[in-house]
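Take a look at the structure set out below.
Chain nomenclature is as follows: A, B, C and D, assigned in order of appearance, with residue numbering initiated at 1 for each chain independently.
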Amino acid sequence: MSDPAPRLDRDLIAMRVAREFEDGFVVNLGIGIPTLCSNFVPEGVQVLYQSESGVLNYGPLAEEGRGSIDLINAGGQFVTPNPGMALFDSAEAFAMIRGGHIDVTVLGGLQVSRAGDLANWFLPSRGIGNVGGAMDLAAGARKVIVAMEHNDRTGNPKVVDQCTFPLTGARCVDLIVTDIAVIEVLPDERGLLLKEHAPGWSFEAVQKATGARLERSPSLAEFTFA
Amino acid sequence: MPTNKTCHGFADAVSDIPDGASIMVGGFGGAGGLPFRLLTALRDHGARRLTIISNTAGVSMVTGFGWPKGEKPIDHSILFENGQVARFIGTYPVPGSVSLRNAFQAAFDRKEVALELVPQGTFVERIRAGGAGIPAFFTPTAAGTRLAEGKEVRTFDGRACVMERALRADFAFVRAAVADTLGNLMYVGSSRAFNPAMATAADITIAEVDRIVPPGKIDPERVGTPGVYVDRVVARSA
Amino acid sequence: MPTNKTCHGFADAVSDIPDGASIMVGGFGGAGGLPFRLLTALRDHGARRLTIISNTAGVSMVTGFGWPKGEKPIDHSILFENGQVARFIGTYPVPGSVSLRNAFQAAFDRKEVALELVPQGTFVERIRAGGAGIPAFFTPTAAGTRLAEGKEVRTFDGRACVMERALRADFAFVRAAVADTLGNLMYVGSSRAFNPAMATAADITIAEVDRIVPPGKIDPERVGTPGVYVDRVVARSA
Amino acid sequence: MSDPAPRLDRDLIAMRVAREFEDGFVVNLGIGIPTLCSNFVPEGVQVLYQSESGVLNYGPLAEEGRGSIDLINAGGQFVTPNPGMALFDSAEAFAMIRGGHIDVTVLGGLQVSRAGDLANWFLPSRGIGNVGGAMDLAAGARKVIVAMEHNDRTGNPKVVDQCTFPLTGARCVDLIVTDIAVIEVLPDERGLLLKEHAPGWSFEAVQKATGARLERSPSLAEFTFA
């Protein structure tokens, strides 16, 4: 199976995800592609980043050598304070997450199922997984966006009928943004709706690269970034 | 409880930890908030068959997570390397990158150490519950996943929730910026992390701080852990 | 949620509260921490059949509890006097002295208002749980008493514990010293009380503060309620 | 039934209770006689007072007109800060209480039973009760001392075989200090041990004023205050 056109790079995936952010949204970004989203927040949109490390409204990464060990994000990176930042402990950080106070979380994915199940924490080949805050974010955030490559390194689809990897959360994903598609997970297991595809791709080409049946959105279009 | 909780030296602070003890270790995983002088003292003390309860099992020594470039990280790995740990309870045992192996992974592969993996929010809530007299609670986190296997599941408002039990330890190692002699602790920045919850949930809580001041020197509004939870304070500067 | 949460005037802040709404009211019971300007605005607004969730049902107007001598206390009583409340959930509905009667007692005796009495620790823990996504928890408090009647009881570690459900409301009225426009709140002294928990547990949280400052003016270490929980801030000085 | 000797006043009850306080104890005092205990803490003993209002280590009452509405105890009184005071919210105040971090609480009582059940929140004649923090303190404090008159206004005993008033907590009381007696509640329902009686009183006189069978302590003595 050859691709009809190039796939988007990680920056473009992140850019497309960032279009989902609205002004004033509280956003928690997972590690990997999700972290990149902060580089592409649309003009005029102010997003408040929350981290499991106990920070709300942190700013950009600190310049090399100028960070403080006492201000990190959940990836262990040194960040800077934004005006209006708040600091708290982990119990509070997760009360916030589990209690539905985070508007959007962007997570990486190993697999997403037709029902919106997410598998992203355990790679069976490794034998040990890090769960971190992923299960709490999957269960608690108002909207869960998964940003990932559409297929794994050997070409296997990551959007599948049933996850074969251990789950992070059941029926938790709202939107999937990949390097070739934007797919809405319809509520109540009503299936997957293809809303956008990468330039040069078609419904059929995306369907072929996908391990679950897709519905075609009436307004199916090419990726839009702005 | 004595009204002066100052302990002179890290070796003293950990000298009564017996083999088989359970120990909570605060911090998120990087240099900030990690009581690594207490970890080092525990390594030197040598108690064995320990249960370590912490967010990570020590990833910064191989990844640099949360440490300034140029500094040599110290973390929980020194206990795993030294064969002191029988069991680890936490959320993030190994480095994020599959290509990196930490001391926990090596001990795990040698079957020296058992792992209880807990979602991070459930982990801290279990610890808070342990300190707050709440024996069990329900959470939607992990419902329908393998981390809920064997646990009671009940539906509330249409949502499947897992029953989780409180978590306590014999000792807690916590890290704060400043302590007073009554044991009040002041934290800075994201170095709170798991420290305030852990301070409440152990029989003996030991705080590693930059400095110890007399009562009244910490603004009452800035006390992050009230002294009632803290048994010993030990200063890096001492 | 908008990034400027400033509301101009107390009448505006409460204008969309419908009949039948549930409203949490912060504070311990005295003048400190009580959002009495919001209570006054709600009285003037006139919404009826309300459920009021608060530590006391308003005792200071008859006892002076927590008010300076010489000042005329204002409290929840103004809502009971005005016949706006159908149900009260709290811990300390009436004055401590049997010889004093507050407006709640009068309304209760007229059978206008129903009472759900909750132990104070259970009360705040239920509210915290409501904000923290914990649908239920177990507590030893009240086991074997009439306040546990009809509730599930389970034994943990040999101790009978009562299952308690999370508590949420449509609105929360909270009181802090300072807010920034993002909704971050700074509290002073014992005026925290139930305010931080309640701020997390309502669909719409409205904070009554002395003054509103731009983001960055509150020390991040002193934020008692992060802005994510707060929908509207209104200043007494405005 | 006439008393063989005068009963102690409220100050003397409080003074006897305060002898139970050890250096460094964290103590929560209920309203009424318990509040008075703070006036009689023995020389050389530093006690840290905790209040449900969210304060640890507060000092004496503020002078008339000099208190702050932002620093009250659970009785709504204005208190002063001690060096080393800590402030927190109600969730933390009760985590501390329920979690076993309070060494001693002193509570008032309407009735205490032979098994150590406490009734102190609901006077049936009133029809409404305030529960406040009493049930949490009864369940959570390491040691529960009840300070009360031995008999009610009409002479009925308040130390009884079974409480007839609604309970605050079951099997929670450790020590009863009244105006005529100091009674230890033995664990595992092994009964009530009379340890001290007021001057001029005897085991028999106290037993007569009591609604439950008392055991006589081998070291039964008169009240000691210092």
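The criterion applied here is as follows: a residue touches a chain if its C-beta (ideal position, glycine included) is under 8 Å from a C-beta of that chain, and two chains touch if they have at least 3 such contacts.
A quick note: this is a predicted structure, and the numbers were derived from the prediction, not measured.
Considering every other chain in turn, the ones in contact with both chain B and chain D prove to be C. Ranking A-B and A-C by contacting C-beta pairs places A-B first.
Chain C and chain D have Cα centroids separated by 29 Å. If you average the Cα atoms of chain A and of chain D, the two centres end up 56 Å apart.
Here the CA centre of chain A is 36 Å from the CA centre of chain C. For chain B, residues that reach two or more other chains under the stated contact definition are 125, 128, 132-134, 139-140, 188-189, 220-221.
Counting only residues that touch two or more partner chains, chain A has 87-88, 94, 97-98, 139-140. Within the complex formed with chain A, the residues of chain C that make contact are 1-3, 128, 130-134, 180-182, 184, 200, 214-216, 218, 220-221, 223, 226-229.
Of all residues in chain D, only 23-26, 46, 48, 50, 56-57, 81-88, 92, 94-103, 139-140 touch chain B in the complex they form. Those residues of chain C whose C-beta lies close enough to touch chain B in the complex are 125, 129, 132-140, 156-157, 159, 161, 165, 188-189, 221-222. Looking at the complex, you find that chain C touches chain D at residues 28-33, 55, 60, 63-69, 91-94, 96, 98, 105, 108, 115, 117-122, 124-125, 127-128, 139-147, 187-197, 224.
Note for the complex: chain A touches chain B at residues 31, 51-55, 64-65, 67-72, 74-76, 78, 87-91, 93-94, 97-98, 117, 122-123, 126, 128-136, 139-140, 166-170.
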